[in-house]
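So, here come the structures, one by one.
Each of the two complexes below includes chain A, the first together with chain B, the second together with chain C.
Coming up: the complex of A and B.
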């Protein structure tokens, strides 16, 4: 998970600088161009880093909240190992094939059809692991984090299969490459299915999966029960009901039926209710305990993650309003929105999860609390530079694209907007670099924890112990 | 009645219906909590009391006895 975080984020920084300095596209021949690297960045971060973090969390706390141990269930343990290795194999094949230019050209679903089948195998194995563990659980109630994991499982299973239904041309027509396939959908239908998937990959991996993760690690690390368990259940069901319809907001002002655009716009705006229900619930979990924010860099990561979740979901709802979308769509504001979510909310939650798990798994204190602090501030500054530059760039772009003179002619050509945006692209690249440096510090701290952290005699119940180096 | 009117009524009907569902869910949770039928908040302890040797918050076999 950390390795794919490094790969995904490193490529992300390269991409950011390629947009600022286009000549960087040609440093590695065809293997270094934006079109090849971009899917490696998105797939690496979504399926490598994020899903890796969610699965690591599942195997860590799933047994704990169900009160079972895989030492008693060798079959489930074997399924877990198989799940891990096939996932690693799929990711490596994914990186190699995407760099080789093999793609089915669907955003966040670029992998070629044979790899799609491997993804399904990985998913089925996770299902066996999860539902098998629940089948033998000692605790009757399934903790809310696992509700969110079940939602991730079911949501992605349905969406992934439907979006990837395609005909392998070589097998059917004996022509073209073995890797090539043609989508079963065409035109507007293809766009609808693609964005039903595209946005819901965000919904069921970046949102429900990560909510499940933070709902365990925030209470556990702080020693405080969730502020309101009833609110978790309410926001869970309302999120499930609302989120699945929101993907159409990627197609506002396109050729899909008007009612679909309105429906997805309305549902995207309503989405603020469950999203903020969850975020407020997380923040209120620390009521009366705000001193922990000062004392623990790990709590800092978790609290700022919740705050970025609030920011990002508010922003998303605003962007889905038709009139705002007219300005925002296709601009860098959207990129800013995605990244304040993934860097702040997803990244910080999973980094905190790893910092919580590693000392308990390897029975060692975190090597350096001070390095964690340095990492936190570097990354936070990086995110702020990233999203603020993209907000300004996006709104500038949108305003320039719609600017007309007294006769109704467009004032600017596309290239005029590109020239204006270059300074913001440089700031974005710099912000991304700070985040990447923070991630390398994270990697160093984790490795040093495993190798040189002070040995823990007893597993800490709550706050993770850390060295003062 | 033309299709647009029908669609409008259907839209209004389902909006009200789903809103009622949501409110019913909230009310039912609070009523169950108040009457002592289900203490939802104790499930929060699942994250905190997660040692293998901890007593389960709600042991699984109880659900069979209830039936």
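Coming up: the complex of A and C.
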């Protein structure tokens, strides 16, 4: 049943995980080459880990929900392979160029212009794969996961292209570096376009892409139908409409027009409604089935992911309120917010997705359910340490920056506010390490499943079988 | 209606684009028509400053330092006058940053001297005890990339109409003239530096990255803005 291309994509996920590794340097506080490593970290997690997981999921469930197999469509299979290999090539070139200091400096869009063109090629290939598969589908209705994937596809395409419009200086002046280009926009306009992208990369990769993923794997794994079709419809369309407005909340108290800041702030608060709509829909899918939480570590991952989604979206809305933003902006509180989202929501969903796919693709029982459990608790503890230390650090620093004495003079030097954060950085490093150890356990468990897991006769209908070791 | 959309990926995508595009049209387009105009007397970056800005970008300084002073009492006291949109008119890309692991640099040119920067980049804790910034010794070894900086300034002038080569303003000229100005300006910085190797390199016509970076940092603040009167005289 399973096309060969799917396996290639699964290996892609493993490779993608390896690309997420540079974040270690960040978490452990190795500031040696922080400025160069950080873009490798963010790009690795966004384009390597998250997109890798989304694409692996697409090649896995796409064929299932559309009731096709790539054995019948060699063209689509070839597109899948090409998509995979060009993506890997882009990632490798991206890491090398970023470490070499070749960057556009726009956050999450650091890649130089020749690589941007490669990214577009990768994206077009995914489009051919996705819309091509829908063209030959044997199932009339497009499953909800694919709504979200379509949104990811179109949303990212538009935002990425507009943000990366730039002029390669070599083509104009015929001298200097081939890699260098300058943005089509200047100053405040550039900032506006950049945060349109920067925020909505979160919207369409970390949010809509991952919601699409969980909408397939949660019902499949639990054997329960989605709680409410109407809630699904409502939260999809309202999320799509509302999310984009919120981009400007990165620019509160900046030099973009006030009314843009206010609109963004208001819509960021409204955003809580579709976000919680989705999360509640996920959680209520398990109504009457909460005992599965005890029985299956995989369900635990999915449920906690939904819970972290609620936490993170609530936090985001709070941070977008002007007065809170005045304190939180430029501090570690923002870093904390990003990481409870990415580690908890994105990471847990994709890990569960891989655990669901591997036994079915390789026809093997999960090597160890106990290890999954250990991994789950280690990672959860890691995330809690991570975000709680960053919350405290961020608020502390924000308060110290604005602290004035009775005569209105600043109380602290900047460096005082740096020193006070060191203990929190250590706690964060520890939390991050726990998450990483969990990740190694994950890798080990997946590899052992493929090599040593008990062979399955046929594909399980829902709950993933796992060993008792 | 919705069941119809769910059976037609094409119309579904179209519906999505409509829902998605509204915000962009409302929030982004209007600002572009009033595209950020330079404040009066703002000078474009010189080639040395441009080269320094490229070093700043390549080293990822924006990951730890913001260049956006918000209109709060505490920030104005700490960093200087709050930032104005028109100050960024020649910034491609903008470099506001999103996290202050180190202090804001938008007015650092008003606060620090060349000699201070030199010491700081070699060993940050020598001037700021407790600093967690890494040392940037390699900037003292590598040559600044004149050609790419020239290409950038040239593109700014040709494509975006940035006012280079105006009487009394920043001069660009052809590559030879630009190189001459580049070296002259570098001399002004190097004269205030200690490192003998950098002085020796300049005599051979080579400018180190650190020199360009300091030129850029010195330009942040009021350095690139002439008083309105002076600018009127210049024209």
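Criterion: the second predicted complex is superposed on the first by the 437 of 469 C-alpha atoms of A that agree within 3 Å, B and C clash if a C-alpha of one lies under 4 Å from a C-alpha of the other, contacts with A are read in each partner's own complex, and residues count from 1 in each chain.
The rule is simple: contacts are C-beta pairs under 8 Å (C-beta built on N, C-alpha and C of every residue); 3 or more make two chains touch, one makes a residue touch a chain.
Here the structure is a predicted model, which is why all the values come from computation and not from measurement.
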{"item": "Which superposed partner A:392 touches (first chain B, second chain C, both, neither)", "value": "neither"}
{"item": "Partner chain in contact with A:107 - chain B first, chain C second, else both or neither", "value": "second"}
{"item": "More chain A residues in contact - chain B or chain C", "value": "C"}
{"item": "Which of chain B and chain C A:225 touches, first, second, both or neither", "value": "first"}
{"item": "Touched partner set for A:61, first chain B, second chain C, both or neither", "value": "first"}
{"item": "Partner chain in contact with A:233 - chain B first, chain C second, else both or neither", "value": "both"}
{"item": "Which of chain B and chain C A:161 touches, first, second, both or neither", "value": "neither"}
{"item": "Which superposed partner A:241 touches (first chain B, second chain C, both, neither)", "value": "both"}
{"item": "Touching partner for A:140 - first (chain B), second (chain C), both, neither", "value": "both"}
{"item": "Those residues of chain A which chain B touches in one complex and chain C touches in the other", "value": "140-141, 233, 237, 241"}
{"item": "Interface residues, chain A side, partner chain B - complex", "value": "61, 64-65, 67-69, 137-141, 143-145, 215-216, 219-220, 223, 225-226, 228-230, 233-234, 237-238, 241, 259, 462"}
{"item": "Residues on chain C engaged by chain A in the complex (per definition of touch)", "value": "2-3, 6-7, 9, 12-13, 16-17, 19-20, 22-24, 26-28, 30-32, 35-36, 54, 57-64, 66, 68, 70-75, 77-78, 83-103, 128-134, 145, 147-152, 154-156, 158-160, 175"}
{"item": "Sites on chain B touched by chain A in the complex", "value": "7, 18, 22, 25-26, 29-30, 33, 40-48, 50-52, 54, 56-60, 62-63"}
{"item": "Of chain A, residues touching chain C in the complex", "value": "31-36, 38-39, 101-107, 131, 134, 140-142, 146-147, 150-151, 154-155, 158, 167, 169-170, 172-177, 180, 182-183, 185-194, 196, 198, 233, 237, 240-241, 244-245, 247-248, 250, 253-257, 260, 263-264, 267, 326, 329-332, 334-335, 401-404, 408-410, 414-416, 418-419, 422"}
